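The first chain written gets the first letter, and so on, giving A, B, C, D and E; residue counts start at 1 in each chain.
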Amino acid sequence: MPEITTAHYVMLSAALFSIGTIGVLTRRNVVIILMSIELILNAVNINLVAFSNQLMNMSGQAFAVFVIVDAAAEAAVGLGIIIALFRNKETVNADEIDLMKW
Amino acid sequence: MIETSPTSTFLDANELVINMGPQHPSTHGVLRVILKLDGEKILGTECVIGYLHRGVEKIAENRTYMQFAPYVDRMDYVAAVSNGLGYCEAVEKLMAIEVPPRAKYVRTVLTELNRITSHLLWLGTHALDIGAITPLFYCFREREEILKIFENYCGARLTTHAFRIGGLQYETYNGFEEQVRAVCDTFPGRLDEYEMLLTNNRIWLERTKSVGILKADEAIDFGVTGPVLRASGVKWDIRKAMPYAAYEEMDFDIPTGENGDTYDRYLVRMEEMRQSLRIARQGVDRLPAGPIIGKVPKVIKPPVGEVYHSIEAPKGELGYYIVSDGSTQPYRVRVRPPSFVNLQALDRMVRGLLIADVVAVIGTIDIVLGEVDR
Amino acid sequence: MPFSFPPSIEPFVLPALYIVILVAVFPLIAGYIVLLERKVMADIQVRLGPMRVGPHGLLQPIADAVKLLIKEDIIPAKADRMVFWLAPVISVVTALVALSLVPFSKYFFVADTNVGLLFLLSITSVGILGIILGGWSSNSHYPLLGALRSTAQLVSYEVALGFALIGGLMVAGTLSMQQMVHAQLEQQMWFIFYQPVAFVIYFIAALAETNRTPFDMPEAESEIVAGYHTEYSGFRFALYFLAEYANMVVVSSIAVTLFLGGWLRPFPNVRLLDFLNYAPILAMFVLAFFVFLGASRERRPIDKMGLAGLGAVCALIGLLFLVPAVLDWVQGLFWFVLKVFLVLYTFIWIRFTVPRYRYDQLMRIGWRWLIPLAMANVIVTAIVMILF
Amino acid sequence: MADEQKKEEGAGAPAAPAGGHANPAAPAAPAMEPWDSEVVQSLRKSFPGVDLEAFSFRGQNLIIVPRESILPVAHFFKSELKFDFLSDLTAADYPQKEKRFEVVYQLYSFKRNERVRLKVPVGETESLESVVPVWITADWMEREVYDMFGIHFDHHPNLKRILLPDEWQGFPLRKDYGILQQDVKWVQENLHIQSGQ
Amino acid sequence: MPESILNGLFFYVLAVVILGGAIMTITRRNAVHSAIWLVVTLMGVAGLYLHLNAEFLAAVQILVYIGGIMVLFLFVIMLVNLDEAAKQRQFNRQWSLALICTLVVLVEFGFFLMRGAGSFAFAEPGQGALKPNTELMAVALFQDYLLPFEIASLLLLVAILGAVLMAKKEI
């Protein structure tokens, strides 16, 4: 059982990041897309904390807190948009929301 | 009522329609209220009643006057004594029978005690609906004392059938005066206990103040009677307006509220209980001696004609319209039930409030479904 | 220790033992809290409460537990099976995990991290998921509405709870639960006197957190919208019940630890009050005496024997406490349990004397009164601390 | 069934407008004395064309109003005579009279502390003007009269059965609706039991 | 059971939990199920932070992410009852794009597995300590990064206004 190095964490966050992007790209349901974005942000956080642990420096963790703050803000506004959307379009599928198309 | 023109049906609006009842803990019986909601606010209600309809008026046409008396107790089973009083007095008016003073006094005392038990049951269930669990048990403890008096007097606690046409069936048991006086002495202290628990309790105020407002003119228009009418500021009580039984000789005053909300109805009923105590005490103190039943023919055959007589039941004006065709059986008996008419005002009182208030308003109108459906 | 464990897992043994004790004993404690509640309710309402099962109804909780186990476990027709099973589990698990952070006494605690209170707060906030999923998975209209309403209530009162705790933490200066108690020991003052406003706000928010009257809107039976656990029956309902009481204990122990001096004896530094150290022994003997008194008055022989046995056990424990080592160990536990009992008693007491708030009033109080007040309290405390 | 037949033949006609019996002295047979008072005069003055009869029985005053003019009379009572309280609205079935039903309005005036009863004879097929615009309380009472007697009220906001199930056939309080005759079809369909004793 | 094995075991268990949860999150048809799996993933990540002795962050992660954001997600999913949305086709045609992404990541994985863990060159560990985590976090947040802290609070304020404005029924 080799000793766990930062490399392991970096690889884990890369995998998580890719799963997140796949989720964003392939899913039609806007709520699931939002969730996949959360996954991506978590991957970023893991990286930050791993390097903070590697370099014994608190700035990584501080930045991770800011990422979490941002995720919360983004989720709130995103879900607000979904509710407004659902109220007048009765759908949450990304394909059907093509209002901008003329 | 809900303005539903035939075309726009009740359910086409995209609001939420919720059924409350018919079996629901706080509808005081089998009442189903269809609530039309916009989110939490109530847009309109529709009451579906008739689950407890036993066709009392049809039965009356096939029973003799004496046989029908017990049916009367089963309508408003909480205030059975006042039902019996109303019916007997209506028939006595039809046959112009003179009821001896002792019978009048005992009738008055028992009716006032019955009013207290009805108000106690109302207070207990009303507080329980709003969330205060404890008053229910205090009210039932007091109610027990009074039900014992009924039990000693006529053998029954709830549907008493205490009175007969023309007066009373039984002489008052010895110890009747002492027991009534005992109740009159201990009861005011207990009432203060409820007042201490509820009257200036901030949460109770918040749940009842300005909830289910019914202004005076609306109340008269809706034909609402009893404490609900008096809480809207109309000083009208049949015991004062058209005295019956021994109410002329009693001095008591009629409590009224100002803005007709749930809190005022609560205060009016609490004060009414105190007034009933005063009447009961006076009745017992000045109980005259003498016969307990008037000159009643063996077989009751009232003359041809009709009469409408109403008394002040705990819920409101309880009226009897009896048409007689000279035979031993009434030709038509119509009962004017106060709960049925008061329930009609529910829609006006509840409009614009929240769901939780429907429960409070149903409690404050104090309806008994046996009387609403007859 | 009779034998020493391999070094690497040595730090895990004691906490593991405490965890086992907690998880095994707590359902029983929750049952007896329910019995306590019913007895107090009966007492307030001029009646006796459960008397039939066992002497003075003492075996009632066991009867309740068995009934809930045997009862048929109904799952609504198109309910989402997995989530239906998962929801009560989340509630109970979060409640019990929160219990692990509570410092019962100097020696008896499962874990003490230096983010103790924050971790506790986050665990209780996860408990809300159990409620939402429970309401949603029963696949019927009313529980869903009830779940949404109770979630909104919990989330908004959690903000108030958080701010009230910040007030307390500023004085304590640490997040770890044990250090809090030591801080109160050094400053020789329970923090309730430094932060009375925070304590009051915390208490009200705690009432709302555990859905107790006057904030028990969600499962107010007189509403037409039934609570989130309407469709649950049998053992699943028992899990929700257990979660509720566990939450109550957690919330009151946070109050005790932060504001009422945790497992400290009242006036710990005053030498002449040292006789208080022997309070546990005294308490046990007084308890034994009352139990024997009760036993003598029992009619049924089996009750008489049962109570006599209980009395003997109490007396025995009293004797055991005489041993100084044991006394020292049990000292903290006794005072902590006593204080938690008092806080629980006020929870129950309030439940049976106060009517219920309407939903919008409840939310208005939460947002318009509690949160601004709590924030103001934090600011004032900050200013005061800077000046002195 | 015995008392059913006995009641049929024995039901003498309650001679509402028949005037006094031969011996007014016997207390057992008081009659409908014609009643005249300020209320009746003002009513007759403002409704000349309408033939109104006013009686009093056992001290209670009643006025018989023809079917067509019930609404104007009701408005008159409420506005001019201040009878602002409709305590009761009901009906009675007199099969042997030519106008079968009699709708009864019990009015009460707070100002005068006085009761008056309006009686409106209505034929079996005729319908009656609803007084809901005058007193809102009449709403449910008229629905009950419709439910029990089948008397139709025009311009009633929501005229359907109030106590009985909506699809119930027959009107129970009519004299020809025997007390034992339940609505067989409805009971079999909805309660799936063989109805009737 | 020496220390390092235990550590290693923890890491691999958490890694499996995180990746499994993530995959389930994006593959579930029902929105609520994917929300639950997301909660599992977040718990795994919180566990990981504890492992990287970032205790404060783990607590904040649970409090904000699971207690806050996921509750918000479930609230919206239930309010906007997505059940009928679940019935339509869930996956759109952008499979090709997703395929390219996975290929790129697979190449990296292969390279890393082939060359072994040592292949990564990291800066040597600096001094400084992470032990009294909360105190150090406070120092970092309120001294070194005070400005970003204020900006973050501003961001939150804007987000609150935005969310309320969006979700309000009639403005």
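Annotations
Operating definition for what follows: contacts are C-beta pairs under 8 Å (C-beta built on N, C-alpha and C of every residue); 3 or more make two chains touch, one makes a residue touch a chain.
It should be emphasised that the depicted structure is a prediction, and the values quoted were computed from it without experimental measurement.
Counting only chains that touch, the fewest steps needed to get from chain B to chain E is 2. Here the chain pair with the top count of touching C-beta pairs is A-E.
Taking each chain's centre as the mean of its C-alpha atoms, chain A lies 76 Å from chain D.
A separation of 25 Å divides the Cα centre of chain B from that of chain D. Taking each chain's centre as the average of its CA atoms, chain A and chain C sit 37 Å apart. Touching two or more other chains at once is no residue of chain D. Each chain pair that touches appears in this list: A-E, B-C, B-D, C-E.
Looking at the complex, you find that chain D touches chain B at residues 3-4, 7, 10-15, 27-30, 32, 57-58, 60, 62, 84-88, 90, 92-93, 104, 106, 110, 113, 115, 117, 135-137, 139-141, 148, 157-158, 161-165, 172-173, 175, 177, 179. Chain A contributes residues 1-12, 14-16, 18-23, 25-29, 31-32, 34-36, 38-39, 42, 45-46, 49-50, 52-59, 61-66, 68-77, 79-84, 86-87, 91-95 to its touches with chain E in the complex.
Across the complex, chain A is touched by residues 4-5, 7-9, 11, 15, 18-19, 22-23, 25-26, 31, 34-35, 38, 41-42, 45, 48-49, 52-54, 56-57, 60-61, 64-65, 68-69, 72-73, 76-77, 79-80, 82, 85-86, 88-92, 94-95, 97-98, 101-102, 105, 108-109, 112, 117, 119-120, 122-123, 125-130, 133, 136-137, 139-141, 144-145, 148-149, 152, 155-156, 158-160, 162-167, 169 of chain E.
If you check the complex, the residues on chain C that touch chain B are 41, 44-47, 213-214, 216, 220-225, 351-361. Residue ranges of chain B in contact with chain D, taken from their complex: 1-4, 49-50, 53, 55, 57-59, 61-62, 93-94, 96, 220-225, 234, 236, 241-242, 301, 303-308, 310, 317, 319, 321, 323-327, 329, 331-332, 334, 336, 340-341, 344, 373-374.
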